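Contents: one structure, followed by commentary.
Chains here go by letter, A, B and C, matching the order in which they are written, and residues are numbered from 1 within each.
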Amino acid sequence: MFTKEQLNDIFNLAQTLRVYTAKDRPLGKIMASIFYEVSTRTSCSFAAAMQRLGGRVIYMDETSSSVKKGETLEDSIAVMAGYSDVLVLRHPTPGSVMKASQHCRKPLINAGDGIGEHPSQALLDIFTIREEIGTVNGLNITLVGDLKNGRTVHSLARLLTLYNVQLRYVSPPSLRMPSHVVDFVKEHGISQEEYSSLEEVLPDTDVLYMTRIQRERFETQEEYERACGHFIVTPKLMTRAKKKMAVMHPLPRVFEISTEFDSDPRAAYFRQAEYGMYVRMALLAMVLGKC
Amino acid sequence: MFTKEQLNDIFNLAQTLRVYTAKDRPLGKIMASIFYEVSTRTSCSFAAAMQRLGGRVIYMDETSSSVKKGETLEDSIAVMAGYSDVLVLRHPTPGSVMKASQHCRKPLINAGDGIGEHPSQALLDIFTIREEIGTVNGLNITLVGDLKNGRTVHSLARLLTLYNVQLRYVSPPSLRMPSHVVDFVKEHGISQEEYSSLEEVLPDTDVLYMTRIQRERFETQEEYERACGHFIVTPKLMTRAKKKMAVMHPLPRVFEISTEFDSDPRAAYFRQAEYGMYVRMALLAMVLGKC
Amino acid sequence: MFTKEQLNDIFNLAQTLRVYTAKDRPLGKIMASIFYEVSTRTSCSFAAAMQRLGGRVIYMDETSSSVKKGETLEDSIAVMAGYSDVLVLRHPTPGSVMKASQHCRKPLINAGDGIGEHPSQALLDIFTIREEIGTVNGLNITLVGDLKNGRTVHSLARLLTLYNVQLRYVSPPSLRMPSHVVDFVKEHGISQEEYSSLEEVLPDTDVLYMTRIQRERFETQEEYERACGHFIVTPKLMTRAKKKMAVMHPLPRVFEISTEFDSDPRAAYFRQAEYGMYVRMALLAMVLGKC
């Protein structure tokens, strides 16, 4: 056990450090990385971003003991906010991030909540277009694959309405872009068209945004192969495309893009992942002031 | 395979870096965070503390491959001590931290060992009182809930005997403060009284320390509700309390404190978690010299 | 949702940060720690090494969601390379690290791939000999235990052929050094001899390299005990050894070395683990330029 003198020493130093932390924080701010759903890539991207800014990271995930003891999300966030200067939260339940942010006394960044919004993905997609092509305006942007269930393409289509673009959707009939997105795009005066063939739209496409189609979306293996066999990027297919354009994919891919295409300068999907880190650096730097 | 020249280059550089690490260590000291029992909050608090001091963290937990291969705790600690400048250890077995520290050639901080001591929690509790009220001496401190099984209240009551305080215990009859704590407090000449009603002690309480009562402590749901229904902090109840006082809780809470009370200035429990980080900064800074 | 102006602010800042990251990187480089197989100790050693050099770490393991979604190792590595400046990879499949490195645009360090090579372990073993004895040349080096299945002793024997040493192998008859290693050592003109008794070789041994023998290698408990009972380092046995020599072990040990020997100055096995960190610092510093 401690003596009274030891306690006083500890408490006086703790108080000094409390003031020091609040005022100066010269040794790096802390980001709390809170993932109630595994997403190693998003987590790594944010952790790299924070650390490249000179900050530090603490980690909490869904195996947390407090969560098991029945603590609410709001309480967990309130505690983590006490340890950190900014919080990054991913949660499987739509709306939960918004709810958590209402009581949070530190900036909270949404890293995805279920089928809800995933804002940093849409930002990095548009940043990729800007960096790869030089501009977003005036482009033909073709979204391919499972447009029904893919939340990344929903967020992207919505955010692209802020630009002067032409959208094309290529998907199997059963996986078409849902009407809530189509209506939103229409209301914002952006032109959009649906296609069932990739070859048809490829020649004047500036950005080809591929997505993964999950096997479970189809009843039989045959239906799956019949639907997906048409949407595979290969070096041969890409001879029909522009010389200056970008092929993107939110990753992980399965077979939608042949690995033989990886060495093509138009293959932007791995750079796209890296651009995500710079966008997250920007988001963190903006909410933190400077680190 | 390597050439002899490559090996020499590597080994000469390794030796230089060894000397550099031992002498200067200008780039931050390393804390080994070793948790044989999940405790995300304590782990995050220590990691944030070390990093706010400019240090770095490495992590080992109970899923470690060496542990699975039958390595003893002492051996695991000896290896981690080779990588780090200070170790923080949590273990489910009482006495294990003390045992491990005997052979450890670096400072080792106890982050809890089963039903044994949990010293940094008691320190942060008293630091909270000091920061919230301005002093510890002369206060009426009321401990509420499961006083039988809660190790935090045992450690706190013991440590408070170093101050001039008056202790009150409020609990269901089956969850009273155990005699080993009551005897200890008595021997140190600190006044203590037991109550079965929160209302009775509330008006002159300076610190209300709430704890969680686990459902499993009671045979039936009725018994549980009858016992616990009396110990819930609400805005209405708190109209009877002093204007300047602090409500504390080691967290996580379940329903012992109504969330409606969270915005009350006397609700100190989330600040309490944050104070813990400053106390851990102080402990780390003291054992490390300065970081 | 964002406004167009907000997007422009974010993207302009992201671009500035991208240039800044590529050019200056004054705030520490990033190491991606990628473990498809649990190895807490190797992971901690690399993380401590990188952080002692002023760098930062991001973590990916086999529970990664992308791996579960069927992503190839090459794709996972390509994404992590976008976030980091150097990658450390451990994988259970022999050859996989080499395969992954072929497409990786950043330096990739092998932290072990199954029964394949484990280069940094052999390096640290030789660095330990150098630091403990002062030289490697001219030494009698005795390898003891399961020489058939232990990949560390295979790598070590091969790498020692670059030095002027004499090798001795002590093992149960069923766990002798395999012919591919014996042949390799012979081709390089290094003398080697097999023994079945530790006592016989001990008096003129300069380095005694102990390894763990797994119970599962033997059909019955009796056979196991008969074989292994002969290869245990105790203070009593070590009275027959030189005063200046080193006892090493890749750890974890089970009972091959009595804990009573730990306080002997010749017990080098815990320092050996620490030397590993300096070797990894050297490897990282070399591939990164300086951090």
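By our rule, a residue touches a chain if its C-beta (ideal position, glycine included) is under 8 Å from a C-beta of that chain, and two chains touch if they have at least 3 such contacts.
Keep in mind that this is a model prediction, so the values were computed, not measured.
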Topology of the chain contact graph, where touching chains are joined (line, ring, star, complete, other): complete
Rotational angle, Cα trace of chain A fitted to chain B, multiple of 5°: 120
Averaged-CA centre spacing for the pair chain C and chain A, given as whole angstrom: 36
Set of chain C residues in contact with two or more other chains: none
List of chain C residues in touch with chain B within their complex: 38-41, 44-45, 47-48, 51-54, 119, 123, 126-127, 130-131, 158-159, 162-163, 212, 251-254, 259, 262, 270-271, 273-275, 277-279, 281-283, 285-286
Touching residues (chain side chain A, partner chain B) in the complex: 1-4, 7, 9-11, 13-15, 17-18, 21, 25, 27-28, 30, 32, 56, 58-61, 63-66, 69-72, 74-76, 78-84, 103
